[in-house]
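For reference, chains read A, B, C, D, E and F in written order, and residue numbers begin at 1 within each chain.
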Amino acid sequence: MQKRVRVVTPITTRGFRKPNECKMLQAPDVAIDTVEIDTGPASIECEFDEALAVPGTVAKIVEAERAGIDAVVIDCMGDPGLRPARECVSIPVVGPAETAMHIASMLGHSFSVITVLDSIRPMLENQAKVYGVPDKLASVRSVDIPVLDLETDLDRVKRVLTEQAIIAVEQDGADVIIFGCTGMLGCAEAVRAGLLSKGLDVPVIDPVPAAVRFAVALVDAGLSQSKRTYRRPPTKPIVGYEDLAPAMRDAAE
Amino acid sequence: MQKRVRVVTPITTRGFRKPNECKMLQAPDVAIDTVEIDTGPASIECEFDEALAVPGTVAKIVEAERAGIDAVVIDCMGDPGLRPARECVSIPVVGPAETAMHIASMLGHSFSVITVLDSIRPMLENQAKVYGVPDKLASVRSVDIPVLDLETDLDRVKRVLTEQAIIAVEQDGADVIIFGCTGMLGCAEAVRAGLLSKGLDVPVIDPVPAAVRFAVALVDAGLSQSKRTYRRPPTKPIVGYEDLAPAMRDAAE
Amino acid sequence: MQKRVRVVTPITTRGFRKPNECKMLQAPDVAIDTVEIDTGPASIECEFDEALAVPGTVAKIVEAERAGIDAVVIDCMGDPGLRPARECVSIPVVGPAETAMHIASMLGHSFSVITVLDSIRPMLENQAKVYGVPDKLASVRSVDIPVLDLETDLDRVKRVLTEQAIIAVEQDGADVIIFGCTGMLGCAEAVRAGLLSKGLDVPVIDPVPAAVRFAVALVDAGLSQSKRTYRRPPTKPIVGYEDLAPAMRDAAE
Amino acid sequence: MQKRVRVVTPITTRGFRKPNECKMLQAPDVAIDTVEIDTGPASIECEFDEALAVPGTVAKIVEAERAGIDAVVIDCMGDPGLRPARECVSIPVVGPAETAMHIASMLGHSFSVITVLDSIRPMLENQAKVYGVPDKLASVRSVDIPVLDLETDLDRVKRVLTEQAIIAVEQDGADVIIFGCTGMLGCAEAVRAGLLSKGLDVPVIDPVPAAVRFAVALVDAGLSQSKRTYRRPPTKPIVGYEDLAPAMRDAAE
Amino acid sequence: MQKRVRVVTPITTRGFRKPNECKMLQAPDVAIDTVEIDTGPASIECEFDEALAVPGTVAKIVEAERAGIDAVVIDCMGDPGLRPARECVSIPVVGPAETAMHIASMLGHSFSVITVLDSIRPMLENQAKVYGVPDKLASVRSVDIPVLDLETDLDRVKRVLTEQAIIAVEQDGADVIIFGCTGMLGCAEAVRAGLLSKGLDVPVIDPVPAAVRFAVALVDAGLSQSKRTYRRPPTKPIVGYEDLAPAMRDAAE
Amino acid sequence: MQKRVRVVTPITTRGFRKPNECKMLQAPDVAIDTVEIDTGPASIECEFDEALAVPGTVAKIVEAERAGIDAVVIDCMGDPGLRPARECVSIPVVGPAETAMHIASMLGHSFSVITVLDSIRPMLENQAKVYGVPDKLASVRSVDIPVLDLETDLDRVKRVLTEQAIIAVEQDGADVIIFGCTGMLGCAEAVRAGLLSKGLDVPVIDPVPAAVRFAVALVDAGLSQSKRTYRRPPTKPIVGYEDLAPAMRDAAE
């Protein structure tokens, strides 16, 4: 039976996910669709952006469950809304950062994350702490390119990603590379080839495709987040967020 | 010169903070005022509630800076909005959980947090990890009373808080007690007396008054959050959050 | 295209895996087969047993790669041979303990492992350290039943597993349960039902089925272990292990 | 009502603290005085120096409590006598290293300490472990100038401090700078300006002024060290230390 | 060639070490002698006592080196003076707590310390942090008997030590037992027998004999403390400590 | 009474240990002999080599106990067979890596390991985690020379070891140096001299001699591994390993 996985892109920039990118996410026996949020920032590059993206993201995840979707993947390495959304629904909610960090921890001795801007390093290091794998994180490096500029010069992105990945392996001791922004989707093959050309045979994790496969694995295994950690929110009055109603209110009921 | 500290209560329940409570927060040479947020939940008891409280909290903190306030204290042990608000302003933004955990780490060998509901334990343990003091946290215990019920039977709250504090000291090895909900404001004296009556001479930290004093200390010392960790958000389009504009948009500019 | 996953049971007891158990491992689009090792112990209950199982396990994994298998799952919670086998082959080698611990870390705040004998606790705690998730491990508990006795009274196994799982959740603060022996295959549904009947809504991870799904996810994502961590063994003379040749020698070439 | 805070400088060099330095420590509504110890070393640059400073420091702190002082700050980044003095008195005893490390942990993601000599690094790293914030310490760097030479060429001290602070931020990832010797009092403004001129907007903590403000905050909040961690010493015979009697003996009674 | 090891008992109570106890410390090819300090407390039961013991202990260790002693063992589980004495001399200075914790870490998965008074727990936990083995410490338990009362009812001491050791193994998961006070010298055989009678086959480390053997091993291996960690103190004026001169002053030269 | 310590070299290359090397291991009152294993690899340079060495190593250790040997030292920094052998015998089994890491942790603030090949770094870092001293490990460096080539140009080995040791101290902050391969036996004096010529007074631990002395210290102290951690293996059928019988089978009985 075909599983349905929805990728929620937690920004309000329309057309960020191109049709060819969605194809990269396809998996056997799985129907993937993508949706952007209705309220929030144009892109996510700091904790303020992330905070504004969370309510809209949770609303879309609640809608997904109601629509019969089997699992949701959040399309941002900040994993915005991961924890509140897990409280609101029973289907698996998968964050690409959490998933990529744990997969990387299994594939090698330590990993590095190559992200867009150096300013995001504290967020990623805090995630490693909360996700329980701080000792596996070798380093966070950046390509110094804002999120919405990633697609304008993809060749430069691949080149700088490869340069930073090589430094991460040779100087920081990384054994696995994770892309630190889901806007880098589709660059893994080039970066891995660049590493191999230097004799560095290390896996490169493209977080959203990896998270989609992991979401499918959870569905096949009949597993979802613990409702002991993520208990259903108690019902209570909420002021504002009219645009996101009724999803938000239902979530809390 | 008198300093001005604003306490932002990140819920939409009006009248939660009573005038006599505000008096407890008074400090020499400091003018304290309190404000509730305009959009968000009636109370905060899970990550979903917290997520809905964050945008309104950040808006109030941006307004506070613009109004010439010297420092802001967030009035909730989830420290909602602490990190995004620190990005948006230059004045010190102080979270009661972060502050209480660090003060407790200085006052004794280990500390326990007594909170409202057992379901909040993972949030508090994650905070200890991100704040950098996981090894000082002896345990999280709860009184099993919802936030908005705290004021209806304050005597029972004090009694159960004392019972749990005694267990935390005697069984979990806590040397300092922190209240895990800012709705417990004003119970410290009774709990400390209850502990002393058992021969347990341990400090009891009432987080909001402690955070107010710490905020004043920061102002006096000319210190505020690092703008290297909390860089100013880049300017970008935001969809929604009209109620919170213009504070939100200004913050990002 | 159908993927092929082989489950290597690292003991010499024939018929340990029943046909109905293999059915539990089936996944869409995946052909699963199982194989036992040719030299080694009848069961694995200590580090000595594990040491004797490793050479035969590595030999079977090298054979699997040569036979065109896409991924291998080791059928023992000691993950015997995981690291040397990863050195010898390029296809993903998946250990159920490593996989279950990382999946559990993603599904909830902390996890407990319920294993066969209390004597295995140090092994599991050391695994959590090496796998990088020591802070997520709430406790190790045991049912006190030797491995080869598990199948003789499956009802008792389920009952004691459930009892220990309830204690792990209520007293140790576990949010996810992992079975600590792959001989407990098939008990997850009953244990989860037992937990739910106490109001404890926590996931129960049956490690081998979870590892099979994760192995499939890796194959679909084009990922395998880092050859930077797990470099190919240098060629050198080996004395003994004639039974396992030629697989062993080829592995090292 | 005015609070009284005493700064105990744990060395026997007279005139180390200049009148203008004491002015830097002034805070509203607080009377500050400073006192040196009667027995001990001329300066503190190793554990041996520190050991000799402890008995005299404890004696001065016991005298301070008896004289009605509200809180004591130890004027050395080794925090000599912090723990035994806390056992002997009930008023807050504040160490500048402990306080600066915890404040820095709150102000940013990680901090570096710039101290006098490289040989002091192990002491500071051990302090971070015992104080519970080892993961927040990015690095320890030094200006390579002995303590008693600091005042002879303050301009050079400021210049080298700034150089090392820039390296700490840019190479070690520090988000907050702490001075590693209280003899660097008064250099914070210059170092912060130097960092800002490089575009590095990070707080610089001058430990003694910060500790004085924190001590005042504790007094205002009615908090002091836990007598559960720091129990009053049992009475027993002491041989020697006649110069420090009667303070020492009283302390133990 | 016979090695000479001196045991420095850092208290001023004369006759604390009985002749029969010294015999327990004998080792082949080693001459052991014991010496008490000249200034300091009658016994050590808190950080204040320890602080007063340090200067006299360092003086005795400096004298030992000058007298041609090959290695020194400090006879107290607080390891008072360990770090300053290591700065002052080149011969190995061995602390029984540090040594016992590392030996225990090698002999088993985790260890518990059974000490005299519960108030000493924070000191021992801090030692485990500074010595680098916090994760191996299962628990600290106490017999609730002051140091100088230990010898008055040795049978009771052995009985309570055994009771607490059994609880440490069965409830706290300890695999090795360490005595937490050197005044418990000579009780290991009885406690180990008591544990064995319960089927608990765990080593019991009597810290001073273990430290003496370890000191001999260091001498035989030509090893001593790193003078990079423990650099020789710079020469400087010291006020007071006339009784301890000239040892103290020479140490610093 | 003379103690007997056996050094088990876990490789099948005959003549690896030269007579002059055995002399380096001599200790007063101790008879040392060495033995190689009968089945296994020519040298150990990866986890695969190590896995093949373990059964033969355990067999030799069981034989040693039966022959009345007092303690065994494994002659490889992978400590192959350490844990299973400890299960099979009651005499102390000592691993040079575990021992050297704990001795180094006692001698200085942090240590570095200089090993043969960079590929061994993950193994050594995992050992530090399992042995409980991850925070004391400053770095792992390598001389980039295969094990069996070490003896062909010992002068070059000493020169490169010294170069890497200097970098470890000056750049990585190491206070103690450990050789990362037992094939470097006999190089400590030269490396220490090279460090001293740079003004770096740090201990250099030659792991096998240090382990032999530590083994003797354990025998003298009447201590051995905890049979609670290392319980005797249950008796069960084993297929294969005929060459190693009867030692292996007896071990399990």
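To be clear about the criterion, a contact is a pair of C-beta atoms (placed from the backbone, for glycine too) under 8 Å apart; a residue touches a chain by one contact, two chains touch by 3 or more.
These numbers come from a predicted model, not from an experiment.
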Chains touching both chain E and chain F, listed by label: C, D
Superposing rotation of chain C relative to chain F, computed on C-alpha atoms, to nearest 5°: 180
From the options D-F, B-D or A-D, the pair that copies E-F, where over half of the contact pairs coincide: B-D
Chain whose mean Cα position lies farthest from chain F: B
Between chain A and chain E, centroid-to-centroid distance (C-alpha), Å: 52
Between chain D and chain E, centroid-to-centroid distance (C-alpha), Å: 30
Residues of chain B whose C-beta touches two or more other chains: 109, 122, 126, 129, 135, 175, 229-230
Pairwise touch network: line, ring, star, complete, or other: other
Inter-chain touch pairs (all): A-B, A-C, A-D, A-F, B-C, B-D, B-E, C-E, C-F, D-E, D-F, E-F
Touching residues on chain A, where the partner in the complex is chain D: 121-122, 125-126, 129, 134
Contact footprint of chain F on chain C as seen in their complex: 12, 38-43, 45-52, 54-56, 58, 81, 83-84, 87-88, 119, 122, 126, 129-130, 146, 229-231, 233-234, 236-241, 243, 248, 251-252
For the chain F and chain E complex, residues of the former touching the latter: 27-29, 98-99, 102-103, 105-109, 131-133, 135-136, 169, 175-176, 200-203, 205, 209-210, 213-214, 216-218, 220-221, 223-230
In the complex with chain B, residue positions of chain C that touch it: 109, 135, 173, 175
